[in-house]
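Structures incoming, each one as structure tokens.
Across the two complexes that follow, chain A remains constant while its partner is chain B and subsequently chain C.
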Partner chain A sequence: MAEAALKTDPVAAILEGREVLATGWSAAARSDALARLQASGLPERRDEYWKFTRPDTLTQAQAPQAAVMADDEAPLFDEMDRLQIVFVDGVFDAEASDDLALEGISIERLATANSDLHWARDVYGVLEKRGQDPVSRPLAALNTATATDGILIHVTGKPSKPVNLIYNHKSDSSDATLHHCIKLDAGAELTVLENGPAAARLNKVMEVEIADGASFNHIRAQGRNHERRAATHLFARLGTESEFKSFTLTMNGVLTRNEAVIELTGDDAKAHIAGACVGDGDFHHDDTVFITHDAVNCESRQVFKKVLRNGAIGVFQGKILVKAGAQKTDGYQISQSLLLDGDSQFLAKPELEIYADDVACSHGSTSGAIDEDALFYLRSRGVPHADATDMLTLSFLAEAVEEIEANDLREEILDRLTGWLGRRRG
Partner chain B sequence: MLSIKNLNVKLEDEDKQILKGVDLEVEAGKVHAIMGPNGSGKSTLSYVLSGKGGYEVTEGTAELEGVDLLDMEPEDRAAAGLFLAFQYPVEIPGVGNMTFLRTAVNAQRKARGEEEMSAAEFLKVVRAKAKELKIDADMLKRPVNMGFSGGEKKRNEILQMAMLEPKMCILDETDSGLDVDAMKLVAEGVNALRSEGRGFLVITHYQRLLDHIKPDVVHIMANGRIIKTGGPELALEVENNGYADILAEVA
Partner chain C sequence: MDNVIVKENDNVKEGVDQETVDAVREVGGKYKYGWATDIEMDYAPKGLSPDIVRLISEKNDEPQWMTDWRLEAYDRWLTKTEPTWAMVDYPEIDFQDQYYYARPKSMAVKPKSLDEVDPKLLETYKKLGIPLKEQAILAGVEGAEEMSDAPRKVAVDAVFDSVSVGTTFQDELKKAGVIFCSISEAIKDHPELVKKYLGTVVPVSDNYYATLNSAVFSDGSFVYVPPGVRCPMELSTYFRINAENTGQFERTLIIADKGSYVSYLEGCTAPQRDESQLHAAVVEIIIEEDAEVKYSTVQNWYPGDEDGKGGIYNFVTKRADCRGDRAKVMWTQVETGSAVTWKYPSCILRGDDSQGEFYSIAIANNMQQADTGTKMVHLGKRTKSRIVSKGISAGKAQNTYRGLVSMHPKAKESRNYTQCDSLLIGDKCGAHTVPYIEVKNNSSRVEHEATTSKVDDDQLFYCRSRGMDEEEAVALVVNGFCKDVLQALPMEFAMEAQALVAISLEGSVG
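The block that comes next holds the complex of A and B.
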């Protein structure tokens, strides 16, 4: 009887074949996370937080197959001076990676990091645990408990170039669990670039601790593979006068759930998060964002844009929580979709919860088609229908892409979007 | 240049006839003005000629230099040399004014089998023309018509016209929303483009624009038809007596 029950328990099923390390500096965090997972169980369709996205393929024991896509485009960020750290199907590839030494930061691989890495102990699973309240995030707890690889970055200064995490997907059945921890000391600065599809199924957690006056900049592109699945969590905690900026580009992917949990805990901190996604056909993209204001005079900004066609589905769940005492909060949230046909869907749940009285928070969510007046205006100037449609689609995405401050990175992202649209010309 | 014969147009979704047999010939090198009360069909005429959706031509023809316009897509009409300066230019966030202009110029050139304009050449030309219209560098960089005042939008229309060098220009209530100084600037821009090979159709409510853009021929349109045609003095008559007398005279 007990054995039969065990077999149908999804938590036990997904843990089978995964190891929860019982030794080493992360052991305590891992067993703690395991307990959280066992208490909450895995997400299910009936969970309010998963109302718009079916979690079953993310929680089933075996990763669904995902064909590797032959990509004829040059990898993103190829021309940039950056420190490259390569993972293949979720495993660090030392040979393809650069030497992990750079002035102002120290980098260790999670799988081999030694036990005296004290700073990592204060980050690994710590921000993830804080992010489990008030909504549980079982896939993140699963990740903390069972992560097999990842990178630990301690930033003490201002490194001369960005760190680029490159994810290659080479096996149809890879099931990767990656966990990154980044700690920025007071006044430190770091840009992290991420690109690539990672695996057939990816469970990724990134925890970012940003001390007073530090600044973290993050640009991510999730690859162009059509069949891959990904559940990612980005946890960040911000100190006084610190800055967090994150932009995600998603093109294709049968299922993506990107959660971001950001806590503003020091006064005068700033968190901006943005995303542009384009989906065609079998595509489900979910941005779930939870921003907590727990300090005075902080600013948060969420800008998410989705272009959907041929039955693609976009989801946005975004919340701004302003705690009592978090006066002078400036919160902004916009989520918009451009539906290129009648088959596509956008499901949005914007939320504000405010316990302070001197705050300015605004949110908006829209979905619509291409503006016929604008289309006619462009065509009346001689721009052909298809070009005009692409121009207006890019113009729709622009507000999100413009959140990227660096010109070269912004141009690169725009080029990718232009290319994506170009490949869909009749 | 532009030849319209017995043009009848109704709304696509509604059983409402807007144009009821318009006949009009605009010769190359001439400026024709159409005046008329609200709801007479002036703007509809400009939209139908440039190919806006939502209208159905039930009878008649419209040709540009002998080529049937009505069967063409809006972009093909533009490449063939037709230009409409909008009464309400559309704001397009996220598309730079300069990018938009260059895309339009080169799309038309490409459609006509001409060589595209290089970035450097384009920049030189657009800067010179923008200067004449007092359009500053900031307006060229900003997204199309975003945050432009009424006058700036209209000047931007004239800049597009100057860059695209159409054969046939239709100006739809270009004077609406302009103060006297802005109107002068716009009129100067239009006058600079007057040439032997180019025709103009200026649609307006009021005579005052015609003080600055002197028409060769003035038409009065009412109830979907051109009811009277004359010289510039006809515009003055409207200015002094309104439309009532002319409407009564025709009825």
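The block that comes next holds the complex of A and C.
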């Protein structure tokens, strides 16, 4: 009887064939995470936090197949001087990767970091656990418990070049679970670039601990593959006067759920998070953001733009929580979608929860079609209809892309969006 | 480019207008209606069971189909669980420790006219400023007469605990074809209308409290406005809870037939008691083709004392169904009372070109908790909705706006405009917003596109160009805007609401 019940239990089913390491420095964090997962269960359709996105293909035991797509575009960030770390279907590729050595940082792989006095012990699963309250994030707990590999970066200085995590996809049925930990010491700086479709199904967690005065910059492009699925979690904790910036570009992918859980715990800290996504056809993209202000005079900014066509669905769930005492908070949030046809959908829940009185928090959310007046203006100046539509679409997305400070990175992302639009011209 | 806009500012600067702070304190500090009427009552036995449901039905002298309807609701209620998603926190309610029916003894035989009503009851309503005589205007509204050419009339249905005490101006309304009576009378006198419409907007099993209400509702108001009739006067219901440990479960049903118009006002108060009391109402509005309904509420139930002792738990389901094309509904609410408020007056915009509006000012002070907002469900083509919500929190209060705007795939070329502003006074209170936005077509637009993002800018620019600094200009624009909400109320209520609110929102926009 008990055995039969166990078999139908989705948690038991997804754990089958996965290992929860019982030895090494991460063992305690893993078993703790397993307990959290077993307590919360996996996300279900009826969960309020999954109201707009069906979790079943992310939680079923077997990853749904995703055909590998030949990408005719040159790989992103190709021209840049960067330290490359390559994963193929979630497995580290030593040959394709650079030497894991760079001045100002130490880099190790999760799978091979054996030291019992490991610094990552204070990060691994720690920020994820903090992020489980007040809303449980079972897929992140599953990740902490069963992650097979990932990168551990300890930043002590200001490295000369960014770290580029490249996720290649070569197997139709790969199911990758990656967990990265990044710790920035006081005053340190790091830029992390991520790109590639990763796997048929990817469950990825990145935990970022940012000490006082440190600065973390993150640019991510979730690769072009029509059938891939991804559930990612980005947990960050910010110290005094530290900075966190993250931008995500998403093109294609049948299902993407990107959660970001950011905690401002030191005064005068700044967190900016932005995303641009373009979806065509069978495409479901969910940005779920939870920002907690727990210190004085912090700034947070969320800018999310989505362009949707042919039945694509865009979801935005964003929350700003201002705890009592977090005075002088400046919180801003905008989520917008451009629906290029009548079949696409935008579902949003922009939330504010505020317990301090001397704050300025605002959010806006809009959804609609291309502005006819703007289109008419461009047409009256002799711009062909298709060009005018592309121009307006690109300018709509640019507002999110402009959150990227570095010129070269910003241009590269805009090029990708122009490419996407170009491929959809008949 | 925009068809759904949600814009908010949760913001208080240093130096929030002292007048505002004082006014908010005043609203919470002195509850004017906290006295009780000493009157002999008949109670149904405490607790809830099929027998109690039958007893209520019997007391109201109801036909069998109504009793069956209630019993079915009771059975469904047993299978439901109390909702917990709202941002409110209160001790568990013991539904068996309540009286579900309380009637003044003198009402055992229904008085034939207002002259026969127990003077104690008449006195009660007089003291509340709602004298039950057929007068031209409500008392206490000085100068109202000069404001309009013809004397304004307001017909009142007065509900005292579980029964309707009387309804004024019934004869005059009858001449116009309007039916305005208590729902218990309507069940007896107009069963065909009640049968046709009751439970069609808020189904019996809609939610926990609506199901409970369906089983035990004791009285409330019924309005039917026939086709093409413009109701000759404002209609009003005044709810008074008096008895201790008694829940009030009123049911209101308003039907505006094709091309008709009615404006309906609702007011409520309760005595100051240490024990919390339950109030679970259901309001259903049906609006046919080309008809229009304005529904205004000044909710001033006893809010409890400064430590959160006592007060009314206000769990209300209000919904309007714009069934016909070009139907129009406007909800206006000023929420100042109740210990806990759980209330989402909603609009189903089913008919093409139908319109829904929601204007709300919610003030929560001391230990009050308010979770309120609206749902705009756009089903018909070219439907329009507008949401303007102002939440003010003070003391240790929690004030939440919760709303839904849903544009269905077939609701082509529809529009919505939403704005909710929150103001916090003090660092112990909270202000929250939980809007849901679901857009499933791309042809929906905002009619005044410029207003969603630019009207404010234009107004600001105008003020700036006249030499005001930005702060002043913002204050002026916001102040004017808040007054617009108040002016959406019918005049009699606007007076009361202004006295209650008397608050400027200066300093609330950054």
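A few points about this structure:
Everything below uses one rule, namely that the second predicted complex is superposed on the first by the 424 of 426 C-alpha atoms of A that agree within 3 Å, B and C clash if a C-alpha of one lies under 4 Å from a C-alpha of the other, contacts with A are read in each partner's own complex, and residues count from 1 in each chain.
Following the convention adopted for this analysis, a contact is a pair of C-beta atoms (placed from the backbone, for glycine too) under 8 Å apart; a residue touches a chain by one contact, two chains touch by 3 or more.
Computed from a predicted model, the values in this text were never measured in an experiment.
Of the two partner chains placed by the overlay, only chain B lies in contact with A:E399; chain C stays clear of it.
Residue contacts after overlaying the shared chain place A:T248 against neither chain B nor chain C. By the touch criterion stated above, A:P384 is placed in contact with chain B alone, chain C being left untouched.
In the superposition on chain A, A:F376 contacts chain B only, with no contact to chain C. Of the two partner chains placed by superposition, only chain C is touched by A:L339; chain B is not. Of the two partner chains placed by the overlay, neither chain B nor chain C lies in contact with A:S136. Of the two partner chains, chain C is the only one touched by A:E353; chain B is not.
When the two structures are aligned on the shared chain, A:S365 is found in touch with chain C, with no touch to chain B.
Counting residues of chain A touched by each partner, chain B versus chain C, the larger count belongs to C.
Shared contact residues of chain A with chain B and chain C: 371, 374, 396. Those residues of chain B that touch chain A in the complex are listed here as 50-53, 73-75, 77-79, 83-84, 86, 89-90, 92-95, 100, 103-105, 107-108, 111, 143, 160, 164. Against chain A, in their complex, chain C makes its touches with residues 1-14, 85, 87, 409, 412, 422, 424-446, 452, 510. The touching residues of chain A, counted against chain C in their complex, run 48, 324-325, 327, 337-342, 344-371, 374, 396.
Contacts from chain A toward chain B in the complex involve residues 371-374, 376-385, 387-388, 391-392, 394-399, 402.
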